[in-house]
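These are the structures, in structure tokens.
The two complexes that follow have subunit A in common; it is paired with subunit B in the first and with subunit C in the second.
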Partner chain A sequence: MSTLKVLDGDYSGWRCAACGQSLVMAPAVLEYMGSRFEVELPRCPACGLTLVPEDLALGKMLEVEKLLEDK
Partner chain B sequence: MSAPEARQPTASVCPVCLRTIPARRETADGVTRLVKACPLHGEFSTPVWRGAPAFEGWLRPKTPSPPAEPATPRARGCPYDCGLCPDHGQHTCTALVEVTWRCNLTCPLCFASAGETPRPDPTPEAVARLLEGVMRHSGPCNIQLSGGEPTVRDDLPALVALAKGAGFPFVQLNTNGLRIAREDGYAEALAAAGLDSAFLQFDGVTQRPYEILRGRPLLEEKLAAVERLSRAGVGVVLVPTVVPGVNATELGAILRLGVERAPGVRGVHFQPVSYFGRHPGPPADAARITLPEVMTALEAQTGGLVRAADFSPPGCEHALCSFNASYLVGEDGGLTRLSRGGGNCCAPRPAAEGADKAKAYVARQWAAPRGAALPMAGPADDLDRFLARARTHIFAVSGMAFQDAWTLDLERLRGCCIHVAAPDGRLIPFCAYNLTATDGSPLHRSTAGRRTSHDAP
Partner chain C sequence: MGMDQKELRQWEARCTQEEPPRCQAACPLHLDARGLCTALAEGRVDAAWATACRTLPLPGVMARICDAPCRAACLRSGLGGAVEMGALERFLARAATRTPPVRPLPARGKAVLVLGDGLAGLACAWDLARKGYAVTLAARDPGRALLARHGDELPEAALAEALAALERMGVALRTGADPSPALAAREDDPHALPEGVDAVFADPETLSPQALGLGEPDALTLGTTRLGLFAAPLPAGGAAGAPPSPALLAALGRRAANSIERFTQGASLTAGREREGPFDSRLSTDLDGVAPAPPAPLPAQGADAAWARAEAARCLRCECMQCVRRCAYLEHYKGYPKTYARQIYNNASIVMGMRQANTMLNSCMICGLCETVCPEDFDMGGLCLTARRDMVERGKMPPSAHEFALDDMAQACGPDCALARHAPGQDASAFAFFPGCQLPASDPGAVERAYALARAALPGPTGLLLRCCGAPAHWAGREALLAQTGEALRADWLALGRPELVVACPTCVLTLRRVLPEARIGTLWAALAGPGAPAPGAASGEALAVHDPCASRHDPAQRQAVRELLHRLGRTTVEPALTGEYTECCGFGGLLDAANPALGAQVAARRARAAQEDFVTSCAMCRDMLARAGKRALHLLDLLAPGEEPDPAARPAPGHSARRENRVRLREGLLRGLWAEEPGPRPAHEALALTIAPEAARAMQDRRILTTDLQKVILHARETGRALVDAATGRHLASLRPGPVTYWVEYEPDGAGGFLVHKAWSHRMQIMGGPA
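Let's turn to the complex of A and B:
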């Protein structure tokens, strides 16, 4: 499965607080209740810490979570 | 956590005289039986759960939510005081309104008043009064117009409009689909009146189940009804009555047929046979199929397209009454499970919360999808694709076990959320309403105004 951009915003200005490195877009796998979604998210190239921006978490991800939790 | 007791106390009725008697659920070697003894008519033992998922783990505890204003007082106790009485533990999710007792089929298995000359249909004014009563006691719950076969009434579209106009957001028709299949424009007339969903009797993908259960081959008409309802924008739920030796080997094929016809078909709702009417002796164990047997058969007969472990006990009715799972139908026809399978052992939730969720779920899932997916701006990612597909292609698989005089468990009955609006205005849990003793006499359902042998204690 291909990974595709889920974010339109520019996250190149974000730095990892621990490593001081600029975040770069990298493939990430979101898993919830047995379903997998392959996406791209900003990540620290040194420690691998991945940023899930608030608007994604409270937007599309929340919508998908609610569907997966159906009933 | 300790294992649940292998003997759980509950209460039931004697199948012969319908008096309330103590009962217990006894589990041994993967089989749970409801065992009870009447001082006059002896012991009865009936299988209610066989195989996996195991009985012990199939839990979804609820704190009872009694009616805000009970319509009948506590007098003789469950199941005699229905109305609802103060001891009932769950609100109305679906209210059934019987709009006729006539039918255009003569099914040997029917639990609606069979064999006798049916009473006259209730007038539209009487139906309106019943709906007002449901609204007063249960609020804007889901409505199922039932019978008899409702489509024998020429004014059925007007009754659908009446229910919608009374403020019920979801109106479903329980039907054999014959008139819909035969009459051009009828599905459209029902849709125009506001019908959301059809609960379509659908017993198999071959003629044999129809010949045995309904007395005639009906497959072509069933398929035509599915197509016409889907085209008219009425959500279709396929409802097989599952009978061992008749159609229990067709469950997987029915499921596949439904999935192939998604999103017009919204789901399949399996109903294991239960026994109403005259029965000189208890039905044989082999004449019953329990919920876990249906779940296991679905896994085996679909080659794992669905799995028994996918299914969950209900949040609304009693755990032992049903199972359900939701799936996303992929573009390749594959299914992705949405709900988490398995029971929930540890945290009782208020019953009312489950009723509210189930009401909303049924209204959303069993109606036709609202509009096609919108074209997306920009490149779609996995999340976008999932959300777009989910707008139209969620498919529900569920099963519900009705209780008869042998299997009636009063703890389950008090958790019931499917209530029949009786002609006298009382709301009566479905299984209590249809309950008959072995001589065929009913507990609650009135037959042409005649008193029954169970009116007196």
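Let's turn to the complex of A and C:
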């Protein structure tokens, strides 16, 4: 599974409240309707808390959700 | 499994939109007169002529001598007079600047002999040459008889051109002698065809079956007792002694050509030929509102382009489309029920690839208007509902289509909203007031006032039954869920002692009659309009437009009770163009608003435009859909049991969160107020005080995110410490997936123990953590 790069914004301003660490881009697995994708997302390097930004959720991600629902 | 091929055909057959117009069906040659007139009315003379040339044999001759039997079938007949097709054909034959060349199919290697040059013989030769047959036409002087009969209309040059076209198509003209019966058989064997000939057609004006010594040919195939020899009696004419109809003669030639093609291919001579000659079309055309228009006056110097355009413009372009014209949904997808049936069938048949029709079949309001207007009772709602049930059964229903609406239903049926009680101080119920789940969501105060009204008006103790009837499950195709909802409803109803249900929602009336057939079910409106109801008041207030909810389409008594109450209230009413059994859905029905909110809003906006006056309706959801479209709209209860709202017609429709909160508060208020009971505690997250920025509130409405969803996220973040913080702004960002949706909220503490919400979004895709 190759990692998709869909974000080019800077999310390092967000820190994990629990770990105090800045988010870094890291591969995350997303799943819907039995399909899995590996996508690079901002993530806490310590605890793994992962951010799905608004633009992604309402853009590409919603598009793929709809495609998978109609498959 | 969904519909099979046979069921698809049955559905398709009910939609007559693709049936030919009556003129084309009546034409023995099936000329597309509607298409011809469409082009000609736009001034496209050559395109109109090309349309004629596609169908007519020897078009330059036929168009000039056509007797236009289509006129008798033309629906314009009763509205000024039939379209003058014959004159239009003559105009085209003269005025067209380009005749499309005929390109015969590749040679079939079959030889056909046509004996005689009447119209039937010429048409037969024309059609067979087009199909790639080697045709020989025997006649002493081809076309001479035609010229003699039609000389006034048929210039010699036009006939010469048609004969030249025949020769260019490969027809060999054997001239010089009249064809004799001997030519139809082999010299040495009178029962066989001539040497090297695969079939023979004897033109009836040249060689009648009698002249050939044969009995009557078969009317369908024109076959005779001699295999491969086709012949025909002359078609019955109009008046005695009148020449036979040119169109019918040419059609005889065409029939012979079709038979010869089948014969030489070894195909059935009889199968599927019912519509070869003139037939009755099933196309239904609504003439309502069509103004009469007499034929365009013919200029003294004869037909010209302006006349032809004007005359062609009188064609009604007959089509059905009666459902499509009245339904924003059917119109939106740019087809008609027949095409939709096929799309839905294909959608279900897909094994790999995209199901293109999911949103289309989830957008039908299932309101029954199409079935009511359709002359063949095509019920798009029934078709879509069957497809939805099939998708649910096979696990192919997109989860996002109906989930929010079904969650809403679950809330209305859940412990925070549902209630079944005898009236305060009573231990039995002869009646039970059933307001449905949308009136409590829209206007909980109206439910309390209506319950008081019902208790005062009904002749027996009147309990209260709060819950959803299950209509969303029905619309979503979730049969099991509908049955389950029905069982819970039945349990409440039995616990109240089988009271007569007095219902204030038209959709509930329909659904309850389906899921609780043993119950007596009436409407609050009929109960209040019945005997003992107040006398009519004096006319007051502006006139109101009555919006019949689509669920009352087949319930005239319910609609009448609403009007009776309005009359007693002293209100004058007007009716929109589509009303009563022809009423339009507000855009909520069938869960359109859930599956396709943009189209739902369009439907509501269209209905909102149907009246100048404020609307009044007996359905809380209709009222709110109209209000959302910006239309002033009243619920009947705003008049029957007014609250303190000074201008209830202007009351905005509550948003998703407010609707659910309204239901909960209604139950809490009723328990405290009527039964002196303290409702159970609210869940902990609801204690969080949120202030939602206006932009976030709008986004939440569009994205179907509830305030309670955000409260859950923030509470969870506070309890677990799992959140993100932006050092620069101090804002927090947290998420939670309490069900199949992940919610995100960006917020900050407001300094007073509550939270200010800046953004909220959601997604269905699940984060599974890092790669394995």
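In this section, the second predicted complex is superposed on the first by the 70 of 71 C-alpha atoms of A that agree within 3 Å, B and C clash if a C-alpha of one lies under 4 Å from a C-alpha of the other, contacts with A are read in each partner's own complex, and residues count from 1 in each chain.
The rule is simple: contacts are C-beta pairs under 8 Å (C-beta built on N, C-alpha and C of every residue); 3 or more make two chains touch, one makes a residue touch a chain.
The structure displayed is predicted, hence computed values, not measured ones.
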Touched partner set for A:Glu38, first subunit B, second subunit C, both or neither: both
Partner contacting more residues of subunit A (subunit B vs subunit C): C
Touching partner for A:Glu63 - first (subunit B), second (subunit C), both, neither: first
Which superposed partner A:Gly48 touches (first subunit B, second subunit C, both, neither): second
First, second, both or neither for A:Pro27, with subunit B first and subunit C second: second
Contacts of A:Gly13 with subunit B and subunit C, given as first, second, both or neither: second
Those residues of subunit A which subunit B touches in one complex and subunit C touches in the other: 1, 3, 30, 33, 38, 61, 64, 67, 69-71
Interfacial residue positions of subunit B with respect to subunit A in the complex: 312, 315, 324, 326, 328, 336-340, 357-358, 361, 378-384, 386-387, 390, 394
Subunit A to subunit C touching residues, read off their complex: 1, 3, 13-18, 23, 26-33, 36, 38, 41, 43-44, 47-52, 54, 57-58, 61-62, 64-67, 69-71
In the complex, subunit A residues that touch subunit B: 1, 3-6, 8, 30, 33-35, 37-40, 60-61, 63-64, 67-71
In the complex with subunit A, residue positions of subunit C that touch it: 353-356, 358, 398-401, 703, 717, 721-728, 732-733, 735, 742, 744, 759, 761-772
